[in-house]
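Read through the structures below before going on.
Okay, so subunit A shows up in both of these, paired with subunit B first and subunit C after.
Take a look at the complex of A and B:
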């Protein structure tokens, strides 16, 4: 039996594409220049399918499936854009905006925010559900970084990068449902964390203005995520 | 039986407010009160936010003069960081502040107040607005629009956008000046100066028609408060606080702005969301003072630029033996300040280190309390913050330009109402004059209450039994 990878053929948005067995629909779509919106997904981190923005329709499957964790299969017919999908994505974004206090105009990540960019791309002009306006604090105990829970969308990129790339596992998520929060160590102030190496990876993978460098003013926080694929590739080479 | 007249909402100002005119048993005006009916609560909801966000947050108090809040707030943050910002950053902030002064004064004079001067206080209210001016006096309207546009453009060239630019930051500014922008700023100045000079000529020629307004528009002795340079010249960004009385006698000088709380008290009024600041040594309400263009010209010894100083001499001649007291002359002072702003911007653009790229000081917070004071178009603006060891705001106090004028605005409308309003037959033109007193101060009620709002005003006439007998509402 040959060791050559098993090649699959499938259709994405009526386009014939091929995939290596084991590849996700998202990976195949991106290889073929087909845009699928994502938020919790970040190349170099394990996918978790948390945000549901990459939901796609698959012919013969009654429910929508997240492209980032669904593997391509032979003969699959995938639709990445439809009125139904647009409505779902829009609603997901509206719920994210309503859940916490995302006030873009004064945010340090204004114009450099993935949530904001997605909202623009999806044509989100207003939110149809009531804002919750929770009273959440800012953890500014770390000497270099701060965590503003008002702007967190619980994508868990910080948790994954800290665990999978840095190996510190300082970040985690506590609570359930609406009470979920990202925490450092055993819910201690970030500045008192014994495990944090202050590497700043979590800050730069954070898609919003939640984790930021201190000292930046409105619209000044630009995230640099280029490091992640390099680090991942270097580690894979060593293994 | 006493009655009350209520003007609600007041028009052609920034914010929500109303005026109540109280009549006595003989239907004569007994008193008048100015109520600000909006509330926002910036001082409270900023608690817990990182101090570096304060310039951007407080700039949202206002869409007309966000730059003023950016200045005072950034200065308060500089104070929290305990840094002296680079000299070029100071100059660039000054440049933007003067551009802001130009556009805001142009808005006040041409767009909001000129309909009264050009079309008449008694003209048809349906036409008494900037479009009415544009129809009848297109050249003047064009001048006003050009000046405002120029000021807004300078803000945009420097900060990336006209409203709420994120360029002024704690520690300085976040980008240096480019040669292209410097040239563009310089190119517009001669035309701007030409406009202000011909508007000043027009203004002076109309004065004969407004003898009653000059005499009765908040024309009374008061203190005047404003920033001056160490040499006593006109100042809008830095300097010291000076207080003069009606005789232009200096009551207090070289007051350190950061110690404002020693000199200024704030009284709360039962019928308005706008607090009433007063000069502490004189107590409340005798410590009533005025701020803004009229006050600044009364406070300073000279402007410090040639054309503005020439105009200042003529301005001083309006009342030889002391400060110019009629608030009608706020409009005149505003024009002189635009002239000053344009001359100063030209000077700043031609200074040696204006293109220097070192424009930001970087530091962590080094103090738990910081104060920033600057001159907004409408008057002296105070931002005062306290932070915890993490740099999060624990307390904030803002005294905004319009707030400083609260006592004087109340006294001014009472004076105008007593002269112009006849309780038995309240004419629209009379009520417009009462409103116009408020407009002289160019109040920004959104700012002064740090409140959400639009721009209407309401006037009510109320009798002694508390019954409203007449109301006028305009939006």
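Take a look at the complex of A and C:
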């Protein structure tokens, strides 16, 4: 048998595309300039398929499947955009906006927020489900960073980057369902965490204004995620 | 031990059992225990001892089926069943063995409740001592395993399972033979077998009863599965809320290990298999296979997207076979009697029998096993004895929080995987809750949604936030504060959550709402438009009160 990669051909949105065996639909789509919305996905972190925004239709498959974890297959016919998918994506975004207190105008991440830009891209003009207005705290005990749980969408990027890239596993998730919350260590204040290395990776992978640097004002918090592809590339090279 | 030695053990126990002229089988399963079955057991035992009776055995057994009338005592050799027995009845009961049956406590065993049942999974339930390996052996226990190990290749075992047509009893109904063959074909340095005993549907106690009444049967099924797919280690994942089931399965594992039915070189063959018990920590979602696997691995019990399916990449990344308790319990009789025998029962696409936990507004609540294809009407009105207090039947809920409510008009439909799906419900693991006219269907839907909301793991957005929003809207409807727009939004959320959630919990969470909307929409409309609850369950403030 040869070591040459097995090449597949498939169709995404009626466009003929090629893929290497093992590649996800999302990777192939992005390679070909086909936009698929994602929120929990971040290249360099393990995909979890949790936000459900990248769901796509696959001919012959009754269920919608997340593009971020579904592997491309020979002859597959994928639809990434349809009225139904658009409606579902909008509803999921509405559910997120109503879940916690996402008040863009006073948010440090205003105009630099992935949730906000996705909502714009999906044409979300209003939220139909009732706002829950939960009373959630802000953890400002860390000397350089703060965590505003009102903005958290539980994408678990912070949990993954801390565990998989930094190797500290300071972040985790506690509770169930609507009561889930990201926590540091055993639910201690962030500033008292024994494991946190203060590397700031969690802050920069956070898609919203939840994890931020202290001292930034509204709309000033720009996230810098360049370290992630760099580190991933370096590690892959070493393997 | 070799098969010959095991069979000798079985023969010896059969002889021992024959030494007793009379036998009193006292149900010590959870239902009867909760109404002091153990004190009846102790009283009978003390009575026999104080009278120095010979040839009389008092034996604690598993579920005797009619939980509603417990504690139950069965008397052999006449096979009389006594109901609602109390410790004080012991002397009279003992005397009745030598004289006339005790009419006062007699339970009619020719009633449809017993006559319409067909027991395969529960064949030993109430007939053997669940804590005795010898009792199980004497009832042809481990014969299926011995046949598999000594006469069949793994491929032949799988072929037998495929012939049987058995489908997964955990709810999904996936063909068991196909699942086994997939795991057998998967490549891995190791393979695992997992028994899913994380039964968590409200009102369901099928797996619990099987584990409490006949634990060796589940172990035998797991070993056969291990042999068939090429696994040498198994995990029995049982929820910690079932302490008796956990105790009995641990005891059974110890006994089986002692006689070499577990461990290296089972029955003198080259095949080895071990089983470890893992306790569930109270999360309903851990009944979902990928969440259950994460839980065994010591991680947070959260599902992950499939594919890859556990058959390909399961526990610690190895190919893993995961089946439900009842599925494993069906395996030994299939191996003993052949797949064709099993396929002779049931309907075209749903073979064999199904155990149901019959509960709710029905006279005979209890654990029943019926052939597939029986009608719901027969289950509820013949076996169940109908609705108590002269009330009118309204709906039957199958499949727990993932299922739906089925109205009167569909009661003559056969009970099988496909028919139940057609009317908007599911077979599920076997919970069956009967409701009468005093139940408000919106309130029922709200109850199940509250369950799903609090059991959602919170990983994916539609299930986490969607179940909360749907519960909010249902509460609003129940309070008489909702508008037609709210109803439209509820229906929309049902569709989104059903189609976009990550795992089965979210994908099926809207089912109770969708099925009640389908058959009882008028009740929703009465709450919204007329501000009244037809069943009188929901407290709706009168308009005057609202304005006051």
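Convention: the second predicted complex is superposed on the first by the 239 of 239 C-alpha atoms of A that agree within 3 Å, B and C clash if a C-alpha of one lies under 4 Å from a C-alpha of the other, contacts with A are read in each partner's own complex, and residues count from 1 in each chain.
We take it that a residue touches a chain if its C-beta (ideal position, glycine included) is under 8 Å from a C-beta of that chain, and two chains touch if they have at least 3 such contacts.
If you're wondering where the values come from, they're calculated on a predicted model, not measured in any experiment.
K.L.:
In the superposed arrangement, does A:141 touch subunit B (first), subunit C (second), both or neither?
P.N.:
first
K.L.:
Given the touch rule stated above, what does A:96 touch, subunit B (first), subunit C (second), both, or neither?
P.N.:
After superposing on A, A:96 lies in contact with subunit C but is clear of subunit B.
K.L.:
Quick one: classify A:178 as touching subunit B (first), subunit C (second), both or neither.
P.N.:
Touch status of A:178: second partner only.
K.L.:
Applying the touch criterion given at the start, work out whether A:110 contacts subunit B, subunit C, both or neither, answering first, second, both or neither.
P.N.:
First partner only, subunit B.
K.L.:
As a test of reading the superposition: which chain, subunit B or subunit C, is in touch with more residues of subunit A?
P.N.:
Partner touching more subunit A residues in the overlay: C.
K.L.:
Regarding the shared-chain residue A:217, is it in contact with subunit B (first), subunit C (second), both, or neither?
P.N.:
Only subunit B; A:217 stays clear of subunit C.
K.L.:
Residues of subunit A that sit at the subunit B interface in one complex and at the subunit C interface in the other, please.
P.N.:
Shared contact residues on subunit A: none.
K.L.:
Please name which positions on subunit A make contact with subunit C in the complex.
P.N.:
48-52, 55, 63-66, 69-71, 87-88, 91-92, 95-96, 98-99, 128-130, 132, 153-154, 156, 172-173, 175-180
K.L.:
Where on subunit A does subunit B make contact in their complex?
P.N.:
Listed in rising order, the residues of subunit A that touch subunit B are 105-106, 108, 110, 137-138, 140-141, 146, 148, 214-220.
K.L.:
Where on subunit C does subunit A make contact in their complex?
P.N.:
Where subunit C meets subunit A, its residues are 283, 300, 304-305, 307, 453-469, 472, 489, 492-493, 496, 499-502.
K.L.:
Could you please specify the touching residues of subunit B with respect to subunit A in the complex?
P.N.:
48-50, 52-53, 55-57, 60, 164, 166, 169-170, 174, 362, 364, 390-392
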